[in-house]
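Note that the chains are named A, B, C, D, E and F in the order they appear, and that numbering of residues resets to 1 at the start of each chain.
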Amino acid sequence: MIEQHSLSERIIRLALEEDIGSGDLTTTSVIKSEAGGKASLITRQELVLAGLPVFKKVFREISPEIIFNDSFGEGDLVAADKEVTLLTGSLSTILRAERTALNFLQRMSGIATLTRQFVKKVQPLEVSILDTRKTAPGHRLFDKYAVRIGGGVNHRFGLFDGVLIKDNHIAAAGSITGAIESAKQGVPHTIRIEVEVEDLAGAKEALAAGADIILLDNMLPGQMTEVVQLVNGKIKVEASGGITLDRIKEVAETGVDFISVGALTHSASAADFSLEVIPE
Amino acid sequence: MIEQHSLSERIIRLALEEDIGSGDLTTTSVIKSEAGGKASLITRQELVLAGLPVFKKVFREISPEIIFNDSFGEGDLVAADKEVTLLTGSLSTILRAERTALNFLQRMSGIATLTRQFVKKVQPLEVSILDTRKTAPGHRLFDKYAVRIGGGVNHRFGLFDGVLIKDNHIAAAGSITGAIESAKQGVPHTIRIEVEVEDLAGAKEALAAGADIILLDNMLPGQMTEVVQLVNGKIKVEASGGITLDRIKEVAETGVDFISVGALTHSASAADFSLEVIPE
Amino acid sequence: MIEQHSLSERIIRLALEEDIGSGDLTTTSVIKSEAGGKASLITRQELVLAGLPVFKKVFREISPEIIFNDSFGEGDLVAADKEVTLLTGSLSTILRAERTALNFLQRMSGIATLTRQFVKKVQPLEVSILDTRKTAPGHRLFDKYAVRIGGGVNHRFGLFDGVLIKDNHIAAAGSITGAIESAKQGVPHTIRIEVEVEDLAGAKEALAAGADIILLDNMLPGQMTEVVQLVNGKIKVEASGGITLDRIKEVAETGVDFISVGALTHSASAADFSLEVIPE
Amino acid sequence: MIEQHSLSERIIRLALEEDIGSGDLTTTSVIKSEAGGKASLITRQELVLAGLPVFKKVFREISPEIIFNDSFGEGDLVAADKEVTLLTGSLSTILRAERTALNFLQRMSGIATLTRQFVKKVQPLEVSILDTRKTAPGHRLFDKYAVRIGGGVNHRFGLFDGVLIKDNHIAAAGSITGAIESAKQGVPHTIRIEVEVEDLAGAKEALAAGADIILLDNMLPGQMTEVVQLVNGKIKVEASGGITLDRIKEVAETGVDFISVGALTHSASAADFSLEVIPE
Amino acid sequence: MIEQHSLSERIIRLALEEDIGSGDLTTTSVIKSEAGGKASLITRQELVLAGLPVFKKVFREISPEIIFNDSFGEGDLVAADKEVTLLTGSLSTILRAERTALNFLQRMSGIATLTRQFVKKVQPLEVSILDTRKTAPGHRLFDKYAVRIGGGVNHRFGLFDGVLIKDNHIAAAGSITGAIESAKQGVPHTIRIEVEVEDLAGAKEALAAGADIILLDNMLPGQMTEVVQLVNGKIKVEASGGITLDRIKEVAETGVDFISVGALTHSASAADFSLEVIPE
Amino acid sequence: MIEQHSLSERIIRLALEEDIGSGDLTTTSVIKSEAGGKASLITRQELVLAGLPVFKKVFREISPEIIFNDSFGEGDLVAADKEVTLLTGSLSTILRAERTALNFLQRMSGIATLTRQFVKKVQPLEVSILDTRKTAPGHRLFDKYAVRIGGGVNHRFGLFDGVLIKDNHIAAAGSITGAIESAKQGVPHTIRIEVEVEDLAGAKEALAAGADIILLDNMLPGQMTEVVQLVNGKIKVEASGGITLDRIKEVAETGVDFISVGALTHSASAADFSLEVIPE
């Protein structure tokens, strides 16, 4: 699942180092280092499970011997009060990694659960729910993975794998046409050029200048429909800006190809889990 | 403000590297590298401002020459649609750092804003609102700082600067008394020992065994009052578990010294800001 | 010029650390640490200058005080035996950094000089000379920058900012059509899909399946012409495979849009420079 | 074979990170993650094989399970179109690491192949072909290893494990004698002192001042012979400067002990290999 | 035993890198890389064994296959000329890691041996011998562990897990009372507040202001006794300053709870060990 | 003074990170962050000053603004109770860095002071006092620098810049002659070959086999004299093994060129300094 070796490794290690620091005073003093045991990961709400491989990796970063018996897998919709996986191994390792592992899992499952809600709202329309770059700093990889698990589709990963000419670029470049022409010169031929516009005139200019995708920022549904008709399938159209669960259906019905939702990653509530050591 | 040199540096660099990767295709191709300009950071909701130094540090990590003219400072309650600071400098730097800088600021101000709401609910009672270790992995330092800005008080930073014997430790150790005795042996004399209990019997046992602080986990207000009366000021009492804005006043009125709230850092919504380049 | 902060920093530091290790025995013992002086960077052949900012950064990594007076700039065609820049500052710093700085500069100028030769061969045809991922490991950023300085155009930077379905992918996926369909599903909408084919049949299949770009691998000029006619401007066509200075004109005349040349970065000879301390 | 743990690790990781970045879009979308298969590493020219352990390490850095069945070993002279090794394992891993692994192998085998040509030119004379510090930055360890595989001998690794007083040091120090005396004071007794000279007078002065080795820079064969006779076996003599395959025999016949050749590492062409997935 | 993953890893890698650098010239050239053998770790004095896990980790960092057969364990008092453990494995690995591994072991066993001497001097009094932060930079974790092995007790690990208001803090804050009050405000409730005082008046002020622990710095035994009587068990009392093996008994008899001794970690002599390869 | 950029940086940062961790609780809560002041670095014994640049670098790592007014310089013999330097700047920075800075300075001055004692014992004989690789792990650079400041001379830095064939190498290689011959083949020509021998026969064999330096390990003075006469100035002779201040004169008088002393770096006591904030 996880490709980016270095980014995923770095955030996991950073998280463990900030939490464990010079050592876990409680576990070291209270738990015998050789004590083994079992612990159960339990849902405390209905949720879309996302992040179980990361959850496991946190424990294994401390000690590779922890064993997991899973009852559910990534992407499953799990009811409240279900055992997701059973951990067996060193109690010291389990207790030391518990909080960090849960922090990742709760964030990722929270994102997947919220994404699923958005995705369901627009079914069965042919529109993709996209994420944005509004992720928790250092968590881009995990946040975007969680969106996919929830049924969303990823926009570009960062500044390097897509061109998105936004209002600030246009303000700096002077015009939509000028910005598009510059981008066409300077970007590898494997990359498409997307342009953010705020009204029909902008959409027309972008289309004429050869944009590959148009992003409609904070436009009204009526305006969006006009742009969709103007474009008429020649290029793709994306909508964004203040999209909520209440509003998304209406936006989808305008016929846009994509709707991007910042809240998926910047404002999802943590999903509720607990980890319970099972007394012998 | 920020002490932990290395943790703060690492998350900021990780965030920039994940976003910029091999380069910002849009800015590089659209903006002349020597172009200078101004941009305005604007609030889009009422919020408690937190994270402005981190916001600035992100820009300076790319280029130290950006200048900031601040209209507000850390901890200020700022109304919607106000300019917080005016940036002057290289437009390329501004556009390259914009999203990462905003991602930090929106998260931190979101936490501070939510914390302030909890703090106001319990005024004028003498109770401190505490954070937990339920922070975004890698963001502990910034999340806890934002809690302080919002008027909260920090619990221990991590596993290394406090002892908190939780249900899982007690399950593994066999008894509250045994766990407390082990901790007293193995921990530097500069550290207090806090114990999580679930009922009055547990509180009695912890008190008798010499706990320095008692944490009441998911207890009813009536039970909390009983514990507060039992303890009678000899040691400190903390309440936790499912504390919401609706419930917190009732918990505070039981007379506990501290109330810890995981939601402050795991479920705060991002505060809404935008950055607008000012056309010349 | 250089965006990717971390990659460029890491290769420069690695280079200095491998060379200096526990210290420069010769300079430390022979040169007084406070001695200042001047040194002249001189071309020993005609070349396209590329890498001067990297050359300078190596010295500044050791000591920020070295001053450079440039007689030429990036991209200049410089004759043999010309002074490119005059260094003034600590002789110890100059001598310590000399070899590492030259190693970068000689490699980069060698690449730019070779690229310029290929570019001139195809003028005035409308075809771009592209680089490949056949760069010196760790030098991708600098190698590709040098290609641009020499008048070439960059293909994708790495595996993350473009899709290129090659023979091995097709062998693994079973068919060209299947591979293209999978890619269309799984890739952000900002990315185009390029497919490598080996004959006209492959080109037809790729075109029908919706490829955005076709790469003709090791095809004869006659075949290339057929593909160009087939495609008829609907999508872009790139040629690659064993392109030499002798052959490139013939390939360009087939009408392809791009020609990619691995030799630019894997087999360019170092350009010849020397650094001469000027005795007082 | 590879000692320097940290340098070799760092360049391999840097190379993978620059290529894979946020993920291999093509492989991830086109290849099923659980698909296994075989691939054959094939020579496309006659070459001296060097770098197979590095080639393997690149794959194992991504996944340790790839199996290699070798038909040839380090240092073997391999004809064109031979299978060097057969890889078995995850196709995703193979395709993701392919280019980076080949980039190392092609560079290293190119250096070994070129070194072998120089070594053969001087046989059966008793002279060693040395490398220099003109290596690709960050590749010192691998470049010098490849020289050994090709039959060459390593000069000092860097600035820290040998003294080589060059023209610039002499210019800065004022005289050959002064420079040698300073070096004798300041350097551990395990290190020999080598001095670069440009004529017979310089050689005489260096010999008198107690140099342990003399390096003849850009001297004519006749002059070299004079120095060799002057030195008469008391210390070692090295020749350098513009040594080509055409010239080296003549230089060797002067009786020098060592000839150092920068081109071995700064201008070797990549050796030609390909990796072919074997369809099932 | 070792918790702090990152600190222990970093100092071990740093130590190996500084020693091995670009490679072990002697072992590489003299020992066949495939040669196996045995070596014996032998004490050359009576000592308290501490650091055997670190000793082993150094070898395993180079190659995980070395096997150890231990005759003694951590904390054992071992006579001179005893075999502590027998190593079996690659001779190259053994010789390459030998010096670094011994450097750690000799330092740690030296500290443990000295600590044991201090601890024995105060038996059977109920006083704990504490370490300080006067450890070798980068060795805090290992130095403090060695103190525990020798029978000592750890003071706070660093600046982050305890408050110790020293003379310089009081000088800067203006008064003992002011400093204590500030600390009580700003520190998590899990942390106790210790204050350094120099006389009885200081102790009285600290007690009145609510200090949790008093540190008596460089006071005479008579004064210490007065403070112990004043405090009368209400809070803990620690003595420090110029404590030697000769003086410690007298200090212990004053009734203080803790005595901290900087010399344990800043001035312990290395314990004497040797490693002997056993000829076949 | 300090060359090895990366090693010195890494140990200083490691030291600060282990001490400061998540923040200096005492200073942050007690000292106003904007408070400035002065502090005096004072000797508490007679000592040779070494490490002042490292001491300063620790403070500057936290904040570059601290100013130092020095009364003494590196290598000065300073009496007890003298002010070495006066610090002016942020009190928070001063207090935060104090202990780490002192830990470096006390260790380095301790080494220099002990080295000076050994050097004085052998004056005016022509013998150099050498250090060994028995340094505190991670401190090689600083420990060896301190030896030079104390008047000693550095042996090789690590395993990479000298050959020293020790008893274990000879045991593994089978014979002194075989080991020397292997080393001559495999080592750059800039490196001398030193061999450890235990008796006259060993010295004879080493001399005959072409060793460049002989190390006499734990031999009696009479035996050493015999070896010195045998060698008769043809190569250098070094003595080592259990050298104390009492014994060194006798060893020096045998006529050996070098005496290496492990105790300089593994058993020097910390030199006594204190840092005193000056109340306003």
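What we mean here is this: contacts are C-beta pairs under 8 Å (C-beta built on N, C-alpha and C of every residue); 3 or more make two chains touch, one makes a residue touch a chain.
Computed from a predicted structure; not experimentally measured.
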{"item": "Touching subunit A and also subunit B, the following chains", "value": "C, D, E, F"}
{"item": "Centroid comparison with subunit E (C-alpha atoms), farthest chain", "value": "C"}
{"item": "Copies subunit A and subunit D touch via same or different residues, half shared test", "value": "different"}
{"item": "Chain of greatest Cα-centre distance to subunit D", "value": "B"}
{"item": "CA centroid of subunit E to CA centroid of subunit F, Å", "value": "22"}
{"item": "Mean-CA-position distance for subunit E and subunit D (Å)", "value": "45"}
{"item": "Subunit C and subunit E: spacing of chain centres that average the CA atoms, whole Å", "value": "53"}
{"item": "Numbers and ranges of subunit A residues touching at least 2 other chains", "value": "7, 17-18, 20-25, 28, 140-141, 157-158, 160-164, 191"}
{"item": "Contact graph of the chains (line, ring, star, complete, other)", "value": "complete"}
{"item": "Complex interface listing, subunit E residues touching subunit A", "value": "1, 3-7, 140-141, 157-158, 160-161"}
{"item": "Contact footprint of subunit A on subunit F as seen in their complex", "value": "18, 21-22"}
{"item": "Subunit C contact footprint on subunit A (complex, rising order)", "value": "153-157, 160-164, 188-192, 194, 213, 236, 238, 257-258"}
{"item": "Subunit F contact footprint on subunit C (complex, rising order)", "value": "13, 16-17, 20-25, 28, 33, 62"}
{"item": "Subunit C - residues contacting subunit D, complex", "value": "7, 10-12, 14-15, 17-31, 35, 37, 39, 91, 94-96, 98-100, 102-104, 106-107, 110, 133-141, 157-169, 171-173, 179, 182-183, 185-187, 191, 262-263, 266-267, 269-270, 275-279"}
